[in-house]
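What follows is a pair of complexes built around subunit A, which joins subunit B in one and subunit C in the other.
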Partner chain A sequence: MFKAKLKEAVICFGAGRVTLKYPFEPSPVPPKFRGKIEFDARKCIACGGCANVCPPRCIVIEDMGEVAKITFNLDRCIQCARCYEVCPEKAIWPTDEFETATPDKSDLKSEMIVWMSTCQRCGRCFETDNAIDKFESKRWRGRGPGEANKHGIFPIKPPIDFSMPGSLVREPEEGQGQ
Partner chain B sequence: MIADLCKKMLGKSLWLFHTNCGACNGCDIEVIDVLTPYYDVERFGMKLVGSPRHADALVVTGSVSRQVAPALRRLYEATPDPKVVIAVGTCAVGGNIWFDTYNILGGADKVVPVTVYIPGCPPRPEAIIYGAALALGMVPKKVKPQHEQHVPRGFDLDAYIAKWQDTPVVAR
Partner chain C sequence: MSPETLQKKFLRGLTEQFPDILGKLQEHVPGQLIAVLPREELPKVTKYAVNQLGARFVITVATDQRDKTGDFGISYILAFDEEKQFLVLHSNLPADDPRIESVTPEVPAANWAEREAYDMVGIVPEGHPDPRRLVLPDDFPAGIHPLRKEYQYNTRFPSEPQNAPPRMPPPEGSTVVPIGPFYPTLEEPAYFRLFLDGERVVGSDYRGFYNHRAVEKLGDSELNYNQVPFVAQQICGICGQVHSCAYVEAVERACEIEVPMRAKYIRTILLELERIHSHLLWVGLAGHIIAFDTVLMQLWRIREPVMWLMERVTGNRKHYSSNLVGGVRFDITPEAADDIRRVLAKVEEEFKAVVDAVLIDTSLMARLKDVGILTEENARALGAVGPTARGSNVAIDCRVDHPYAAYDQLDVQKQVQDGCDCWARTLVRLYEVFESIRLVRKALDQMPGGPIMAKIDGPLPADRIALCSVEAARGESHHYVRTGEDNRPYRWRLRAPTYPNLQAVGCMIQGVNLADVPICIGSYDPCFSCTERVETLDVNTNEIRVYTREELQELSRRKTLG
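Take a look at the complex of A and B:
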């Protein structure tokens, strides 16, 4: 028994420090971590898919005729990333930001306003950006003279990397899609 | 001078009383995880105590149900001043997926004044440490709301939204 205790003591000497120095040093998140969500108003088409699947109804989309107002009540977001999975334009994604503690609850309320043009004939909304503008906003067309058509006329995979740290969905393989 | 010295020496040693107000046990396990040697929160002088009368901070987990709300109020009143209330988890912050359920009040701030909100379902142990450090003023606040809009130039958005909200629903 004494021998075992001695062995334990020796092991304890060799173990070193295990405690994280967290608040004074950054602590990296594991892969596929889902943190606070972020969004891009340029890519959003206000289809309402994210608002439809959000389990805590944290994404609320309000149709205001020519604009759509999308409110994110992140105080009840459960970071399930369902919005990221269903978004056809990948305009919303989970980041690896987890330091979201705040003394003020209004810091957890985000908002996005997307312009929706209405059809003159049927009165419904449609996308304002035409296909070529869309290419530019997705950076499929370069802005400079040398950059244009760098990836061909109809590139299969856009150069911008959509595979965010919290990626749950496999990106389309080369040669598929489009 | 003694008062100042006491404030300096004792001011940062929070004693926590952990309250489960209808949580699923996920956040509670993370709170216990924070006390393990790996994320050693006792280096900041924090430890769990068994009575609210010994505590400086209430750690509230769980969406506060109607049955537990009076008990939480009594716990808050039993804690001596000055006190800190830390809402851990999305349930205690905003009610999670039960925010509009009939038996859930939807957040600890409906019952007691909350000092620090730590969202997450459950939050990482690091996030809880960060929230506790934020309550002690050791780290700056990082989160800020994201407001984005994509409207054409020259479109008067505020005027349009005001006009839209003034329009009666039948005329839309």
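Take a look at the complex of A and C:
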């Protein structure tokens, strides 16, 4: 018993001071760190690649004819940097910033409106090496009514429609018993 | 079926009793047999396999397949761990009469799984001894099963408070002490009602699933194959890599994607590093629960460099985001490998000093030894997994029994103890840290060069089924994937390790003193959020009611929805 306590005391005293001075001094992040997402509207070609792969639907792209509105709800972001990985123009990238706490979620929301164009190098809209990321999923993310635009992007409803009435039970489709 | 499988002992036992079954077995993925049986036969085979042939019940998978075949599907997944084999028993049930005979009276491990199949898909387990609502919130409308395909993931249902499941009546003369619904042991929601006779626990009741997040629904209706791993890794704040790895590996097995060896090694290394920091966290927490906070402080101090290491290697201290179907997203460079070796050397040295002290610390032993007994027999009957099972002399470890990633090349040593108490479970974890350090080093040495991502050219084939079990720090995480057409799984089912272990708690705390309940609950390393997967809220504390339930519900919904 005594021996154990002695050993434990040695461990505790040997540790020295480990508490960091943060937030009174900066706490640098390693080079690979994936922090808050930053984007550049001048580089973006509105291909929709980032919105297609973003797992928590933090990026929503809306087709508005000649232009597209891209909304970033960064409060949903899980810092995976998939958007950066697929972006053909590297118009979106993770920064070092991690102090994103805020009393107001709308601080983390931003929008950009961009002209839609094809890639100047390859002339195509969006190309990725990974076939899975290319496939169009049916019923993909609450596709609203309407036609796909020339890029195959459908007008999209906001990610979750919280204005829905208390009960919204979709009628079963034909051939699907209750 | 492969010739090796035909030789296996369990198969002989099974075909002796059920000669017809041989013609019905299919093996698409090595080590995973699937049999489609009539619904009268399925419970018989399950009971026989578990009780006579020593199979371990893993989970049920209920599927709404009315859009394909017009009926419901139910699969019972069994594991023959020694023979490295999974057996999926599947039955199709008519849409207007989805009933199946419950196996719970004879296979207690199936208790929750069958209740969940009813809650989520509406498969009625006939003759279930305790068919109360398990997963759905107390005020969820009756007769609605949200995993059926007619409901969208964001369908909001009316509140019907009269549907709350009845509570278990306490035995005559006992006092009820509620623990929870928040902070039962850790900062997570679960509600234990303990029935006490004086200081001694004579029974208990559990209500949980307060934090269900509907990820299975998202997985088969909204996300695509490559989005699911990121949602899977958010299931747990500790074993994120485990869940995403189990999911991608199940898809890869189903679709026969050849994953490059280097990617497999990288997954293995991240998994083992995750186990190291999880066990260090647990040992610290165990100290905290029994009010020995020096252990907490020191273990977490030793653990922190591992977290920083992960941040340097993967870009995030948790949620490494490394897995995609077909491989991993980033490499472990030679510099990163040196970094890992350096940090591990320090951790090993410091942890060894702690273990040396802890192993002779009689004050710790006094709180942990002979407390929370889970006998080997009960551990097997209730399907306990991970250190909880290994502390009760049940030598199961998916890294050896059902190898995934690169574990078949690493020669993992199972750590088994026969004390059956909290101390034995502690020892298992202490020794596993050293084993994990050895495995990481070995993996770094053996890791071959080459690509880290497989080339995927076309759409993934539909209607294939595969399973993958990954040994998390707390036990086996099991994922089942049936592939679908829309670039997403048709059904994705997961079972976290806490799910079976939690069912063993009632048994573990029977007869212990009230003061020992927290460490018993803590001793299997509970992770309630992994067990819980649909967003609900219930605040039914009998006593003080500042808000009504509806008010609180409204309040918290407003808060979460922003």
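One rule holds for everything that comes next: the second predicted complex is superposed on the first by the 99 of 178 C-alpha atoms of A that agree within 3 Å, B and C clash if a C-alpha of one lies under 4 Å from a C-alpha of the other, contacts with A are read in each partner's own complex, and residues count from 1 in each chain.
Just so we're on the same page, a residue touches a chain if its C-beta (ideal position, glycine included) is under 8 Å from a C-beta of that chain, and two chains touch if they have at least 3 such contacts.
Remember, predicted model here, so these are calculated numbers, not experimental data.
Trainee: Which partner does A:78 contact after superposing on A: first (subunit B), second (subunit C), both, neither?
Mentor: Both subunit B and subunit C are touched by A:78.
Trainee: Quick one: is A:40 in contact with subunit B, with subunit C, with both, or with neither? Answer first, second, both or neither.
Mentor: first
Trainee: In the superposed arrangement, does A:55 touch subunit B (first), subunit C (second), both or neither?
Mentor: Both: A:55 reaches subunit B and subunit C.
Trainee: Let me test your reading of the model: by the given contact rule, A:1 touches which partner, first (subunit B), second (subunit C), both or neither?
Mentor: The answer is second: A:1 touches subunit C but not subunit B.
Trainee: Is A:99 in contact with subunit B, with subunit C, with both, or with neither (first, second, both, neither)?
Mentor: First partner only.
Trainee: For A:11, using the defined touch cut-off, is the partner it touches subunit B, subunit C, both, or neither? Pick first, second, both or neither.
Mentor: Only subunit C; A:11 stays clear of subunit B.
Trainee: Do any residues of subunit A touch both subunit B and subunit C, and if so, which are they?
Mentor: 18, 29, 55-56, 75, 78-80, 105
Trainee: Mind listing the subunit A positions that touch subunit C in their complex?
Mentor: 1, 3-5, 7-8, 10-12, 15, 18, 29-30, 32-34, 53-56, 75, 78-82, 85, 94, 105, 130-133, 135-142, 160-162, 164-173, 175-178
Trainee: Considering the complex alone, what residue numbers of subunit A touch subunit B?
Mentor: Spelled out, the residues of subunit A in touch with subunit B are 18-20, 22-23, 27, 29, 36, 38-42, 44, 55-57, 64-67, 69, 72-80, 97-103, 105-115, 128.
Trainee: In the complex of these two chains, what residues of subunit C are touching subunit A?
Mentor: Residues in contact with subunit A: 66-67, 70, 95-96, 144, 149-152, 154-159, 221-228, 230-231, 234, 294, 297-298, 301, 304, 308, 311-316, 319, 321, 324-326, 329-330, 350, 353-354, 356-358, 360-363, 453, 456-460, 485-488, 561-562.
Trainee: Spell out the part of subunit B that touches subunit A in their complex, as residue ranges.
Mentor: It comes out as residues 37-40, 43, 90, 93-97, 99-100, 107, 109, 115-121, 123-124, 126-127, 129-131, 133-135, 138-139, 141-152, 155, 157, 160-161, 164, 172.
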